[in-house]
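Next come two complexes, and both contain subunit A; in the first it sits with subunit B, in the second with subunit C.
== the complex of A and B ==
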C-alpha cells in the first residue's frame, strides 16, 4: 500500500502540469456549489440578523428597499428625506422611542452616519478605545475604518464634498475622532458616526462664523443698520469646531424642520409595534413605517432564484468536468500503455497496477478537496463584498 | 474520587460566590443608575425635593459659572450623557444643548407646557450667503422668577418622575405636595410684595427679570450693568437723567453692585436692591430662602 502510494505520488509529481490542471478543475467543481451556498446562506443570515434586530424603520414614502438598505447598510442611495419633527411625533405616541438616522455624506469613502447616542445602546455597540462623541464636530469610527485608514482617537477626518465641482455647496468639516468602536462584523464597522447635529453642520444648515456685530471690515460687511448686518461671501466660516469657536456655531430655523433619511423606531413591545403600524396604515400619521425583516425577506427571494440558476449551471458544468476527467484518465491510461506493460513484465500484478492508479486518483481528489476546503474557508471573508456586489 | 468531589465542591462554592458578587454588583448598578441631571439650580432644588434621597441628582455646573452662559466640556457632557433623565429649563436657557450629543428621549424641557408664556427678545439680524436675512432671536429664560411658572416646572418634573419610576410614586406624591405648598406660599408673598407696584416701572441692572415683571404685573426696564463692575459715571448719570418723577426709584441687582455705582444711584434717590435670580447654587441657604431674602430686601426699601 505504502509503495503504491509512493509510486502514485512520484508519477503525479513527475507530470506536474497535468496534475495541477486536474487538481484545480476538480477543486473548483467541488468548491463552487459549496462556496456559493455558504455565501448565500451566510449573507442571508447576516442580512436577516441585522434586519431582525431592527424592529421598525420610518421614512418618507417611496421604495421600502432603498429605505431599509440606507438605514441598515448605510448604502447612500438618494432617498427622500423626512423632517426631524416626525421623530418627535413617533416619540409622542408613547409606543417606544425613535432613533434618527441621516446618512448622506462620506469621509474618505466611508459613510458618515448622523444619529443619536441611543443608536449605540440599541445596537449594543461597545467602544474599543476613546469615548462616544460629546459635542458637535466629534466622531466615533468603526473598527474597519480605524484599521484601513490607520487613524485613532486624537486624529481627524474630513467630510467629502458632494461633488468636486460644487464650489458653492457643502463645506468640508474637519471632525475630531474621539473613539473607535469594537468590531461587530456588521456595517457599523465601516461607518463614521457623528451626532445628527454634526451632519446638519456638514449640510450647511448650521455653521459658525465671525460675530457680525463685532466685524467692521468694509470688505466683509456690505450693509449695516441698527437692526441688521449684511455680510459678503468673504465672511470666514469655520471648517472645524473647537473650544474657541464652538460658541459661534448656530442653526438657522427650527431644528425640528431639519432633514433626516430615516428613523429606527424601537417599540415597547409587539402590541405597540402593531398599534403604530395600524395608525400609519390608517393614514393618521404621514410617511411610511416598514418592518425590515419583511423587506429583507422579499429582497432575498430574488437571491433564491439566483441560487437556483447557479445550482443548475453547476450541475451541468460538474457533469461536463466529470466526463472530461474520465476522458483524461482514459487517454492517460492509453498513453501509459507501454509504461503499464513494463510494470507488468517486471513483476507487478494487474491488481497492483490498479492500486497504483487508484492511489493517483485518491491523491488527486484529496488534494482537490483540500484546496476547495481552503477556498471555502476564505469565502467567509468576502461576505460583505458579496452582499454589496450582488444583493444591495 | 474523593479529591475529585472535593475539587468540584470548591469550584461550586467559588462560582456561587462569583455569581452572588455579580448579583450584588448588578443591584449596585441598578441603584446607582437612578441618576437624574439638571441644568440650573432651581431645577436641582425642585428635582431633589421631589425625587428624595433615593435618587442621585447631578448638577455638574461649577459654582462660579453662570449656568445660562456655560459651555460644558467633555467631562461634564459625559455626566449628562450618563443620566437617565435630563431636566432642562428650556426657553433658550441652555444654548449649549444644540451643540452637545445627548439622547433626545432623555431630555425633558420643564417649560414645554408653558411655552406660550415665553418672552421673545429680538436680536441683531444679519445675512450672509444664500440663506438670506435671519436673526438669532433670544428668549428670556429666567422663567422660575414667576413662581407660577416655577410651579409648572416642578409639576412637570413630578409627572415625569412618576411616569418613569412608578414604584416610587407615593414618595413623589408626598414630596411634591410639600414643595407645591412652599412655592404657592412664595408666589403669594411675591404677589403681595409687588402689589403696590402694579403697572409701574421698576429698573433692573440686567435683563433677567422679564418673567418677574410679567408674572407680577410690573414694568421692568433693564440696563446692561454687571454687578461688581464699576459703571462709568456718564452712563449712570444718563440713566438718572432719564428717570421721571413718577417712577419707582428701585433698581434690582442680581449681585452686589460696585460701591461707587451704589453711591451714585443712592445720591439720585435710586435704591439698589439685591434680588438674586439663583441660577446657580447659593452660597448659603436654598432656593426658597434666597427668594424669601429677595422679598425681604425689597420690603426693607420701604
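== the complex of A and C ==
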C-alpha cells in the first residue's frame, strides 16, 4: 500500500500540470454546489433573521417586497413615499410605537438612513466609538463604512447629489461623523444613519442661509414686504450645519407632510399587531402594513426555485466532469499501456497495478476535496460581504 | 537450468507458429538468440518468463514446470529469479534512476523490504558507471546510460536468469560492446544464465552458444 501510494504520488507530481488541472476541475465541481448551498442557506438565515426581528413595516401601497427590501436592507429602489403624519397616526393607535425610515440618498456609495434614535434601541445596536447623533447634520456610521472609507468620529461625509445636472434638486450636505456603530453583520454595518430631519435637509425641504433681515444687497433680496422676504438664487446656502448657522436652518411647511419611505412599527404584543393589521385591512387606515417575515418567505421561495435549478445544473455539470474525468483516465491508461505492461512483465500483479492507479485517483480526489474544503472555509469569511453586496 | 521440449505456440488469428522440439540452456550459460524478425525470439523470452503459457509442450525452469504454476507463482518467479532488459529500456519516466532500479521491490509484495537495498543500488550504479545519476530522471540520460540503469534494475534482485531482448538495439557501436561486456561480467559474477535476443551478428563472439531461430521457424502457410 505504501509503495503504491509512493508510486502514485511520483506519477502525479511528475505530471504536475495535468494533475493540477484535474485536481482543480474536480475541486470546483465539489465546491460549487457546497458553496452555493452555504451561500443560499446563509442568505436565508440572514434575511429571515432581519425580517423576524422586524415585526411590522408600514408604507405606501405598492410592492410589499420593495417596501421590505428598502426598509430592511436600505436598497435604493425608488418606492412611493408616505408622509410623516402616518407615523403619528400609528403612534396614536396605542398599539405600539413607530420608527420612521427615509432611505433614498447616499454618501460615497453608502445609503443614508434617516430615522429616529429609537431605531438603535430597537435594533439593539451598540456604539464602537463616539456617540449617537444629537442634532441635525450629524451622522453615525456603520462599522463597514468606517473601515472601508477609513473615517472616524471627527471626520465628515458629504451626501451625494442625485444628479450632477439637477441644479434645482438635492444639495450636497457635509455631515459630521459623531459615532461608529459596532459590527452587527447586518445591513446596518453599511449604512450612514442621520436624524430624519437631516434627510429632509438633504432633500432640500429644509435649509439654512444668510439671515435675510441682515441682507440689504438688492441682488440677493428680490422683494421685501412687512410679512415676507423673497430672496434670489444668489443667496448663500449653508452646506454644513454648525453651531454658528444651526439657528438659520428651518423647514418650509409642516413636517408632518414630509416624506418618509417607511415606518417600522413595533407593536406592544401579538394582539396589538393583529388588531393594527385588521384595521389596515378593513381600510380604516390608508397605506399598507406588512409582516416582513411573510414577505421575505415569499421571496425565499423564489430563491429555493433558483437553487433547485442551480442544483440540476450542477448535477449535469458534475456528470459531464465525471465523464470527462473518466475519459482522461482512460486515455491516460492507454498512453501508459507500455509502462503498465513493463510493470507486469517484471513481476507486478494486475491487482497491484490497479492499486497504483486507484491510489492516483484517491490522491487526486482527496486533494480536490481538501481544496474544496479550504474554499468552503474561506467562503465563510467573505459570505456576509458577498451577501450584502450581491444578494441583499 | 532451462529445458524446453516439444514446444508449439501460435498466437490467436496468426499464421505463425513457434515450434521448438528441444532446447536446453545450462545454468550460467550465455546464449544469443538470433533469427529473422517475426521468427518468435521475443515470444520465446515471454514463454521462458511465464508471461505467455504454451499449451503444447513443456517448459521447465530450475525444476519448475511453468505450465503448472499459478499466476502469482509465475509473478514471484519473474520478480525473484528473472531480470529483464529491453531494447527500449522501459524505464518509468516519472521515477528517478534510484526509484527505477528499486521498482521491482515496490510492485511485488513477495520481495523483501527496501531496507538495505539502497546500498545495493549505489553499488550497482557505480559498477556500471552511472553512480552519479541516481537522482536524475530518464529524460536526462543518454541511451547508453538508460540501458545501464535498465540492467541495474534487472540485476537488483540477483536473478538466476537474465532475459535481454535486443539490449543493444538502440545503442551506438561503442555502447553496444560496453553493454554486452557488462551483461557478460554480471552473468559471470553471479553465475546467472543470460539469454540475449540480438540482431547484431558481430557481437556474437562473446556468447557461449548461438540459438538460431531460423531452425525453429515454421509458417503454417508454407
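Simple rule for what comes next: the second predicted complex is superposed on the first by the 373 of 392 C-alpha atoms of A that agree within 3 Å, B and C clash if a C-alpha of one lies under 4 Å from a C-alpha of the other, contacts with A are read in each partner's own complex, and residues count from 1 in each chain.
The working rule: a residue touches a chain if its C-beta (ideal position, glycine included) is under 8 Å from a C-beta of that chain, and two chains touch if they have at least 3 such contacts.
The structure presented is a predicted model; accordingly, all values stated were derived computationally and were not measured.
Enquirer: Pick one for A:15: touches subunit B only (first), subunit C only (second), both, or neither.
Expert: The second partner, subunit C, only.
Enquirer: Please indicate which partner A:339 is in contact with in the superposed arrangement: first for subunit B, second for subunit C, both, or neither.
Expert: second
Enquirer: Under the stated touch criterion, which partner chain does A:249 make contact with: subunit B (first), subunit C (second), both, or neither?
Expert: first
Enquirer: Check whether A:61 is in contact with subunit B, with subunit C, with both or with neither, and answer first, second, both or neither.
Expert: neither
Enquirer: Comparing subunit C with subunit B, which touches more residues belonging to subunit A?
Expert: B
Enquirer: Let me test your reading of the model: by the given contact rule, A:118 touches which partner, first (subunit B), second (subunit C), both or neither?
Expert: first
Enquirer: Tell me which partner A:108 touches in the superposition: subunit B (first), subunit C (second), both or neither.
Expert: The answer is neither, since A:108 touches no partner chain.
Enquirer: Would you check which partner chain A:136 touches, where first means subunit B only, second means subunit C only, and both and neither mean what they say?
Expert: After superposing on A, A:136 lies in contact with subunit B but is clear of subunit C.
Enquirer: Spell out the residues on subunit B that touch subunit A in their complex, using ranges where they run on.
Expert: These residues of subunit B touch subunit A: 71, 73-74, 77-78, 81, 98-105, 122, 124-131, 133-136.
Enquirer: Which of the residues in subunit C come into contact with subunit A in the complex?
Expert: 49, 51, 71-72, 75-76, 78-80, 84, 86, 90, 92-95, 99, 103-109, 111, 137, 153
Enquirer: Going by the contact rule at the top, pick out the subunit A residues touching subunit B in the complex.
Expert: 87-88, 91, 97-98, 100, 116-118, 131-136, 138, 168, 178, 195, 197, 206, 209, 212-213, 227-233, 235, 243, 246-247, 249-253, 255
Enquirer: Which of the residues in subunit A come into contact with subunit C in the complex?
Expert: Subunit A reaches subunit C through residues 3-4, 6-7, 10-11, 13-15, 338-339, 342-349, 352-353, 356.
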